[in-house]
Each structure stands twice: as C-alpha cells, then as structure tokens.
Amino acid sequence: MNVLVFVGIHTLLAIALNLLLGYAGQISLGHAAFFGLGAYSSGILTATYSWNPWLAMLVTASVVASVAFVIGFPILKLKGHYLAMATLGLGIIVYILFNEWVDVTGGPSGFSGIPNLQIGSLIFDTDFKNYYLIWIFVLGCVLLSVNLANSRIGRAFRAIHDAETAARVMGVNARLLKVQVFALSAMICSIAGSLYAHVMTFIAPPSFGFNISIELLTMVVIGGLGSIYGSFLGALLLTTLPEFLRFMNDYDIVFYGGLLMVMTIFMPGGLVRGIPQLFRKIRGSGKDKGNANA
Amino acid sequence: MPMLELNGITQIFGGVTALKDVSFSISEGDITGVIGPNGAGKTTLFNIVTGIYKQTNGKVIFEGKDISGLPAERLAALGMVRTFQNIELFGNMTVLENVMVGLHSRSRSGLFACSFKMPWAIREERTISEEALEWLRFVGIEELAKIEAGNLPFGRGRMLEIARAMACKPRLILMDEPAAGLNSKETLGLAELIRKIRDLGVTVVLVEHDMELVMDICDRIVVLNLGEKLTEGTPREIQENPEVIAAYLGDDE
Amino acid sequence: MELSEQLLQYLLSGLSTGAIYALIGIGFSIIYNSTGIINFAQGEFVMLGGMLTLFLLETLELPLWAAIPLAVLLATITGLLFERLAIRPLRKATPISLVIITIGGSILIRGLAMLIWDKDTHAIPSFSGDEPIMLGGATVLPQHIWIIVITIILISLNKWFFNHTISGKAMRACSYNPRAAGLVGVDVRKMVLLSFMISSAMGSLAGIIVAPLTMTSYDVGIMLGLKGFCAAIIGGMSSGIPTVIGGLILGILESLGAGLISSGYKDAIAFIILLLILFIRPQGLFGKPESERV
C-alpha cells in the first residue's frame, strides 16, 4: 500500500515533467527543486507557523508557480543543452538552500513534525487513507492533463516542440507558452511536494536532490515522452522496481543508468509506443505508426 | 495604400551586408514574385518581413502599420503568414492537427478552459477541426488527414504547409520557394493553387527559382541581386531587361 | 593572520582549484566544439582518473609514475568506448536525447565505479610530500604547485595540438563547419571520437592531480564536472585561454566565498555564476556573439 502512495506521487511528478519535456520539448534537470519547495514550504507553514495544511498547499502552489513563471522567462530563452545545465544549476542551488538554511529547514538532519492532512474529522494518517487521498489527486491531474494535451494549447506545445519557428509564424506565442507550461509543471510538482510532506510528516534534503530530478527524467523517458499514460507507466515501473531489485542494494543506480541509455537508443518513444511496436514487429504486419498522443 | 511596403531595408550580419537599402511595395490582390540569383538576399528579406530576423535598418509597413521588429507570433493575428523553403511541418502531429495549429491565432480558449474542458472550449475545438478539414480539402489532401505529417511525401508536405498557412486566414501570404522539390505535375498544381488563393482575395508574395512558374503566375516581379534591388516590373519587362539577364548569367545560375 | 595574508591564501588555493575547473572545462569545450554535445558524463572521467590511480596504487601496488599514465590511458579507453557505445548508435540525435544518453552514461559509469570499488572516500598520497611552502605570508602545498605546473603544460600542449598538428587543425575545421570539413576529406566521425578521447584524458588527469588535495570517491564527478562546465560557460565554450580564465575566476570566487561568507554555500556560487552568465551573457564573459571557438 505504501508503495502505491509513492507511485501516485511519482506519477504526479512525472506528468508535470512530461508536460514540459514531452509536450513542449523543454528539458528540466531541476524539477526535484519544485517538489522540494512544495514539501518544505508546506511543512514549514504548517509545523512552524500552524497554518491550515490545505491553505498552505494552495498558497505554496501559487507562490511556486509564480516564481517559476518569473524565472521561466530568462531560463526558457535557453535551448537544449544550455537549458539542461541551467535547470540543473537551479535545482542544485535550491538543494543547497535546503541543506544550509538550517534555522528554517532543519538542514541535513531534516524537518519533522509535519501534521497529516485532514478533512473535518477525517485524518489522513494511514497508508490506506493516504492511498485514496493521493490517487484522487492523481486522477484529477491525469484527467486535466489529458484534456490539456488534446486541446489547442496542447497542440501549440507540440508544435513548439517540432518546429518552433513555424509555430511562431502560425501565431503561437512560443515564449509565453513555454513559460506557462514551466509554471504549470512547477505547480504540479509543488502540490506533489505538499502531499508528500503531509504523508511522510518528515522530510530531508536527499528526497529533493539531483538524483531525484534524474529519476523523474528516467520515468518520463521510459514511459514515453509526450504520453500522460506513459508517465504513469514510468512512475509505476521505477517506483516498484526497486522493491524487486532489493537484492541489488544501492547498485540499482547502475541499472537506471543502463536503462536510460538502452531506452534512448532502442526505444526512443518509450514503453507506451515501443511495446505496441514490438508486438507489431513480432506479428510482422509492417505498420509501425504508434500514435499515443494522449 | 499598398498591402506591404519595404522601406530602405538593410541587413548586416557581422560585417557582411546581406541586404542594402531595399525598397519596394506590394499592392493588394497581386501575386508578386521576388527573384534573384543565389545569395541575392531573398530569404533574408523574407525572414525580416516575417519577424524572424530583425533588420539593421529600414522599415516594414503592413497595411499602413509599421511592423518593423514585431516578433513573428504577432504577425499571424495581423493577417500575415509565410511558408518555408525546406518545409517546416510539425512532424509528430497528424496532418489535420498541423492545420489546426494554423487556427491557433484565431482561437481563444486558455490553459484553464482547455484543462477543464469548458463548454466554450469544446465548441471552439469542434469549429477548429471542421475548419481545418476545409482547408485540407482546399489544397486537396483531405484523405491524408489522419496521417502523421512527418511521413508525408515532400510534395504533399508542401500542400499541407500552404493549408496550414491559409488556416490563419491571412490577407498576405509569403511563400519561400514553394516549387522547390516539386515535380512538373506538382508545380502545375501549385500554380493552380496559388491562383485560387489569390481569388480568395489574399495577396501572394513568392520567392522562387522556377522562372517558368514565376513568369506564368506573377503580376509583378522584383529582382534582387547581391543584396540590392536590381529592378521591378511586369514579367514581360523583367524578361527583356538586359541587367537582369546579365545578373543571372554573370552569377552562373 | 592579517586580512591581506588571508586573502592571499584564498587566492592561492583558489588558483589551484580553478586550474582543475579549467582543465575539466576545456574537456567540455573540446567535445562541444566538435560535436555540439554537452557531455554530461564529463565529470565521471575526472572521477575515474582519481579512482583508477588509487586502484593501481593500492590494489596493484604500482609506483605513482606508472599508475598515473596507466590511469589516464584506462580513462581514455573508457571515453572511446563511451563514444562508440552511447553517442554513435544514436541515429535520431536531438539535443534532448543527447542530454539523456550522456546522463545515462554518467550514472552508469558512476554506478559501476561504486560496484567495482566502494562508496568510501579515499586519499591519494601527494606527488611529493606535504611539507608546506611559505609564500609571502601564505602557505602552499607542493601539490598546489604540481597542479599549476601540470595545468600549464596541458594547456600549452592543447594549444600546440590545435594549432600545429594535422588532427588538431582538422578538429578545428570540424568545429567551424562539420559538413565542409567532411567535404574536404576530414573524417568527421574520427574527429568526434578523438575529441571524446582527448577530453576524457584531460578530465582524468585533472581528477588525478586534484585527488591528493580533495580526496576521491565514486561520486566526486558530479560536482567537479558541473563546475568545469561553469568554467567553460564563463569562457564562452572556448577550448583555450578564456576557459582557463573562467576556471580561475570560479576557483578564486569559490575560495573567497568559502573563506569570507560561508563554506556551506560555497558550492552554490558556481551555479549562481552559471545562471547569471547563461541569462546575461550566454556567449561567455569575453566572447563577442560570434566568437572564435577552439
């Protein structure tokens, strides 16, 4: 049950990154930062300042989205490798902040005493209850993202991805849309972070470091860039896999690295496109046009 | 008032003068050809007019409005759109979706309305897809609507690009070498299509190497050479102009 | 100690770490200029330099003078394999897929290093003892001198290679215009391979000479790699003097920041500089928008 809660949170994060990377074609190697900002802000507001958790989540999400919107303008001017490095740098700066701002965040030893979420007298304090809580959020997020992906805005994202200049000539305001999807993506991560904080009641910097950003990237790539269901698949696989890879201890990192490389070379469309393609190849029907745009 | 007016356009790329003081104007309803040997600056000129480059000097005036320096994305809404020399399609999207992007500047639903599928967003989406299909019919590739654009043969891709541009409902369309890469039958179809577009009341400007096509369909022709305007006139005048002939022969075109 | 002496001390230690960043940064630039790829695995070669030397010294009990060239050789072979197995098979190479695959490679190399050796931090003996040398009120370790001297030699060799050898000139040609270089008979793929080998050799040597000062472990590559990249960005992705200056600026600022502000935030300095440069002067501190590369 516990694992399914994490699958849910990871699905939220993977969808967030996928909207940015898979649809709009803009990479981020620092998304764990927004996840962490959500978690720490919710944690601090509720534990230190006794805010209502729901209010804290809402305020946090809006602030994180606004911050992402503002830094989005200079950062998304960059393309490709430069964008990757800049977002990576951003992620590391935020991570250092979590570690070093000890008075507020508790530093490397973590931040504890975060209350559970509560609706009336219903307190989300067991895995079972949290499972429902998280998955309601996930379902909502999937639904809204699929809607968005199949709308004029989603089309504009994909157009920017495929041919930015042509998209601009068609009247797509590429710069603004990129910043918007960046902010939206950051907001979803922030909400996932708030949920994570209230579920765990204890948070520490390593949950929001560079490795987590890379893990998210791996989920999105393995599931399938530009596929919301792929994000779920990737999150499911990468969250449950370590349970089966327990015997590998810390060495599962080798496995991730290898997986990322093998997938990029042999299945660049991810599992959602790769598996059907594989089936078709085995059946030998020769048609291999995977269309998984949802 | 001319549809489009270029006023002393100069473009310098790191010391190299690509365009020097180019001025001409284009009247509404005309098909105008911009020709010239390779390196004459035709594509640069296009990129300046359509907001992709920012010129070093000079003004672009569209329907009486100074649009110099306006970014490309603003121009579609003003009624100006272009196609590209090496067709720039959204390769991972279907043919229909490509044209639907063309309707982007004429639709309104925002992030919120789209995510929550508000009734007006659904209505708008339906209109968009119906109108996009109309435009596919207009260029004669509606049967390919569901195919991924990246898999289209080149000639069809060209048609799709024109359909996508027309979906913006432009009053001025600029085509960068629309006949490049087309076979002679496809070129004939293209000439037909360009006339059809003009008959809808859209002003057409094309950069083109295919002289037969240019002489056949253009009302007026502007000749560029080495970044400067050499001359302009009707196809007949251009054909008889010794300077033009010299420029082409001298440049081994 | 007086402030002026303290400053001198920071300056001197900043210079030697800066030299390391410069070497790593040049490695980034060489690959970037010949392929347009930012090799996210660059830092792992730095790590390999240190770890391989340690392995050769302690496990195989080779003398230092034999261990160092052998470690560089092994790291270079890894660089060669990396290009062959990860970069070349990528047919539809978009910037994003290149970022992902080099990240995958970097995780894989790091994971394998952890698998082969361990997760501990190790010390490598200094090249010539640890007797401090007094220098105008500041103390300098012999290893600092080694670092500076080796860096100067490497940079001069590098310059000589690009200006005076056929291969070097061919690589420069590739960086200006790979297609034209190919047309006049330069084997572009071979140059790409060569660039990966040179930069892994330089990276590993940087890792070796710094290891006696900073210790080494399987995961030192991340930070060193990123800071090397930062140096390259300051230098406008030049593989010459501007990147060296970039590295020195970064090293000195870090050392001053650590000494005068807080050592915890030291690592953040590099990334703040990175972001500032990317936002304000993406062509580097010294570059004109169209600057000379290589």
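As written, the chains take the letters A, B and C, and residue 1 is the first residue of each chain.
The criterion applied here is as follows: a contact is a pair of C-beta atoms (placed from the backbone, for glycine too) under 8 Å apart; a residue touches a chain by one contact, two chains touch by 3 or more.
If you're wondering where the values come from, they're calculated on a predicted model, not measured in any experiment.
Chains touching both chain B and chain C: A. Farthest chain from chain A, judged by C-alpha centroids: B. Taking the mean of each chain's C-alpha atoms, the chain whose centre lies closest to the overall C-alpha mean is A. Chain B and chain C have centres, each the mean of its CA atoms, that are 47 Å apart. In this assembly, the C-alpha centroid of chain A lies 31 Å from the C-alpha centroid of chain C. The centroid of the Cα atoms in chain A and the matching centroid in chain B are 40 Å apart.
Every residue of chain A that touches chain C in the complex is listed here, in rising order: 21, 25, 27, 29, 74-75, 77-82, 84-86, 88-90, 92-93, 96-97, 99-100, 210, 214, 217, 221, 250-251, 253-261, 264-265, 268.
Only residues 50-52, 71-77, 81-82, 84, 88-94, 97, 100-107, 109-111, 114-117, 121, 124-125, 128, 148, 151, 164-165, 168 of chain B touch chain A when the two sit together in their complex.
Contacts from chain C toward chain A in the complex involve residues 32, 37-38, 40, 86, 89-90, 92, 95-101, 103-112, 114-115, 119, 222, 226, 229-230, 233, 262, 264-265, 267-268, 271-272, 274-275, 278-279, 282. Chain contact summary for the complex, chain A toward chain B: residues 144-145, 147-148, 151-156, 158-159, 161-163, 165-175, 180, 184, 226, 289, 291.
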